[in-house]
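So the structure is just underneath, and the comments pick up after that.
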Amino acid sequence: MKTTIGEIAELVGGELVRGSAEAEMSNFAALDQADSSCVSFYGNPKYKDQLAETKAGLVLSPSAEVEAPEAVALVVVENPILAFDTVIRAYGVKPPEFVPGISESSYVAPDVELDPSKVSVLPNATVSSRAKVGNGTRIGSGSVIGEGVVIGENAEIGANVTIREGCIIGDRVILHPGVVVGADGFGFEFVEGRHQKIEQLGIVRIEDDVEVGASTTIDRARFGETVIGEGTKIDNQVQIGHNVIIGKHCIIVAQVGISGSSRIGNYVTLAAQTGVAGHLTIADQTTCGGRSGVISSITEPGGTYFGYPAKPMKENLRDSMRVKQIGGLLKRVKALESKIAQSE
Amino acid sequence: MKTTIGEIAELVGGELVRGSAEAEMSNFAALDQADSSCVSFYGNPKYKDQLAETKAGLVLSPSAEVEAPEAVALVVVENPILAFDTVIRAYGVKPPEFVPGISESSYVAPDVELDPSKVSVLPNATVSSRAKVGNGTRIGSGSVIGEGVVIGENAEIGANVTIREGCIIGDRVILHPGVVVGADGFGFEFVEGRHQKIEQLGIVRIEDDVEVGASTTIDRARFGETVIGEGTKIDNQVQIGHNVIIGKHCIIVAQVGISGSSRIGNYVTLAAQTGVAGHLTIADQTTCGGRSGVISSITEPGGTYFGYPAKPMKENLRDSMRVKQIGGLLKRVKALESKIAQSE
Amino acid sequence: MKTTIGEIAELVGGELVRGSAEAEMSNFAALDQADSSCVSFYGNPKYKDQLAETKAGLVLSPSAEVEAPEAVALVVVENPILAFDTVIRAYGVKPPEFVPGISESSYVAPDVELDPSKVSVLPNATVSSRAKVGNGTRIGSGSVIGEGVVIGENAEIGANVTIREGCIIGDRVILHPGVVVGADGFGFEFVEGRHQKIEQLGIVRIEDDVEVGASTTIDRARFGETVIGEGTKIDNQVQIGHNVIIGKHCIIVAQVGISGSSRIGNYVTLAAQTGVAGHLTIADQTTCGGRSGVISSITEPGGTYFGYPAKPMKENLRDSMRVKQIGGLLKRVKALESKIAQSE
């Protein structure tokens, strides 16, 4: 990014009320991270103290009457958050353009159903026999689309993603690099001292508008389907076992693990590093705090849970507080003991 | 899947005792997940309640005298579990057929030892110099086999797997997509304010019949070998440090981490999200519950451990119960205090 | 490895004081893991007991006057640790040689800036438009370098690594197989019942001499940069959220997760499976024990923290001890109660 304060004021339709229009800007950052080469923004009064000490070169501000260091240029705009967004869209890293066509370095089986004038298959990708790919979808470099996989329209399959045979991916789904969809579920029978594999012959179905973070793994069902419901957003390094069913519009944060056959409702939030045991149900709109360990079903919707085993927030706080009370208890018992000893 | 109840009855050698042989079936599911297009099965009396309320189109049942909704067709078979297995093998997603040959889109170094009439190398795979690949083995698309790697017979190397130089993989080993075998162990010496790399020049040896889940990482030894013993099954996103030695027929569930140089015995089970510190020993047939944190060696075989630090189950339960007793203790101490105050 | 004790003595410049120079050695191992085919070493008196019982064929020792089983050959050297290092470098698995050139099986966009006589691009790698790759750098098989990515000199990009558009990688950086750099941060706004994506338009900047373990994921910033400071070493399966800033020379062990916008100082150690919540600061030289959960900022440098929530080691020990005291408390209160009952 190379630009001037004047150009930025013009871009966002704002008024330069302090500083030089010629000054050059080369980066952008939050108020407390910015240096004099950076555009920043003041969008919320709770960052008043950061504004007062910022080293930014330019701040997009809702008013000229704000307390910012003298060296900081100010451009007044109606909505600084939206204006800043305009700046980073104009000068930030651009996502690669969608260029339809099949790279010569990729492998697409002859019986794949896709329209090469509307689908983009990048170098070193593999699209296996009988797969179908919808228009507007991009298959990233090094990704591997298994036999008979069906991918909807305008989906973004990242680099080095693997989707195994028979899985179904909806419209506008985003799979980030390294995601694995449809690996075998973890199922064995113990026969004569050895773990014998139980075949995993189901699929994974990912509904429309789901986003899945880097290196997340979603296992295929033993039979039937593992399902990720419409609009659910999954972060990096999440592990989802076979036959799990996740509802719509959930938020599953990084490094969560959900064991086989559990069912997560709609609008559920599982914060980072949470674990959910197998064959459980979690009701709609449940929130589990970071690193919760859910080992029994949550049947009432809308609750907030913490800890391992996960308990309603209140119970969890009470238990933590109680441990802190032991010190006091020890003293009180000691006092009682000496009183009684005296009275004996 | 498109079939009729009559065809399924024939396939499993069962008798249609209720419902129409012409009814079409297009899917299969567990009793409580099935709709009228689904074949299901009733294999265990503990699912009696699910049978009584199932919406399945057809249930494979051990008897005609069971309580199922009237709309549900019944086919009686001797063993419903095996019969259902037959159905899903016939109509479920088929794993890709093994087709020997080396894809033109792959790269196989000239000095690799493999028989192209008996090995399958899929598109965009890389097999490096001096590697050896046994008959019946498949190398998945996008996978990278390092220099001098030796892979046994009938192994299944998934898509986008990486096996680094010198590692040894046994017969019938399954590595799921995204697995990394033989990356450097995490070893540094702190010299003059900087972490200096300690070279990692050993290998990983994976014995026969091991299965390794998607995106699991197994580091090469500092010297000598990191070993995964025969028949051990490892789930997704497990991390195994350098010089770890895992015995035979263990079960290591998702997101477990085992630090460097620890030794796990035979028939050990580590449930999901367990952590094992470095340089420990875990005795044969130990079971660690979900999210255990093992920070000292377990020397007696056959025990069950929970919690962090991992303790025998009984001790763990006792500690949990004690925290619950604090509330009662507080009340009893208060009562004592007021009694004594009265008596003063 | 196939050699004799005599050759090893010569290699390390040591004196054979016991055993036959003709005896063949084929492996190396620690004292307690070695068998008669193995070279081992005795570098530290704390392993005296292991030396007394070792089954090694040959031990490199600082002196002839040590207690080792009679069957064990001894070669005396000044520094057994260095001498052993010499042996494993000579006979251990060799890392693949650096061979400059662009594999015909790779894809390098026409406008990439790199010198093919000094850079190595291995088969099935993809280097996208406008990328720059410094001399002495190797791009591993199956890896994907995004548009406009800048990689320094003598870097090692492992197999199946993904680096997304615009990210910056320093000199001598090592990215192990399966690493994902620059996937989108996890950011959504909840609008009318749906999670709406917040564009992630920043980058990741990895400074010189950083090493990143297999399958670790480092998300791009919302805007500006996610930064990994010079000399920091990151283990496998670590998750680093958007806009995180990690200082210089830190050690981040396997399966750690750091949430968005947190700032880690210099010389910080986060042991395995630690979690750090978002928008926190961790002061220089802090150490967090295995599986710590940091949920508030740590402002004083140099402390050691444990537990969830992470507390200074002392506090953590006290809380653990207190739980153990509840049993005693119960008994003492019972005794008091019966005394008072008697006195009533």
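Order as written gives the chain letters A, B and C; numbering starts at 1 within each chain.
By our rule, a residue touches a chain if its C-beta (ideal position, glycine included) is under 8 Å from a C-beta of that chain, and two chains touch if they have at least 3 such contacts.
Computed from a predicted structure; not experimentally measured.
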item: Interface residue overlap between copies chain B and chain C, same or different (over half shared); value: different
item: C-alpha-based rotation, chain A on chain C, 0 to 180 degrees, nearest 5; value: 120
item: Mean-CA-position distance for chain C and chain B (Å); value: 24
item: Set of chain A residues in contact with two or more other chains; value: 124, 142, 160, 178, 215, 237, 255, 323, 326, 329, 333, 336, 340, 343
item: Chain C residues touching chain B - in the complex, by the definition given at the top; value: 27-30, 33, 85, 88-89, 92-96, 103, 105, 122-124, 140-142, 158-160, 174, 176-178, 209, 211, 213-215, 231, 233, 235-237, 249, 251, 253-255, 272-273, 290-291, 323-324, 326-327, 329-330, 333, 336-337, 340, 343-344
item: In the complex with chain A, residue positions of chain C that touch it; value: 106-107, 124-126, 128, 142-144, 146-148, 160, 162, 164-166, 178, 180, 183-184, 186, 188, 193-195, 197, 199, 201-203, 215, 217, 219-220, 223-224, 237, 239, 241, 255, 257, 259, 275, 277, 293, 295, 308, 318-319, 322-323, 325-326, 329, 332-333, 336, 339-340, 343
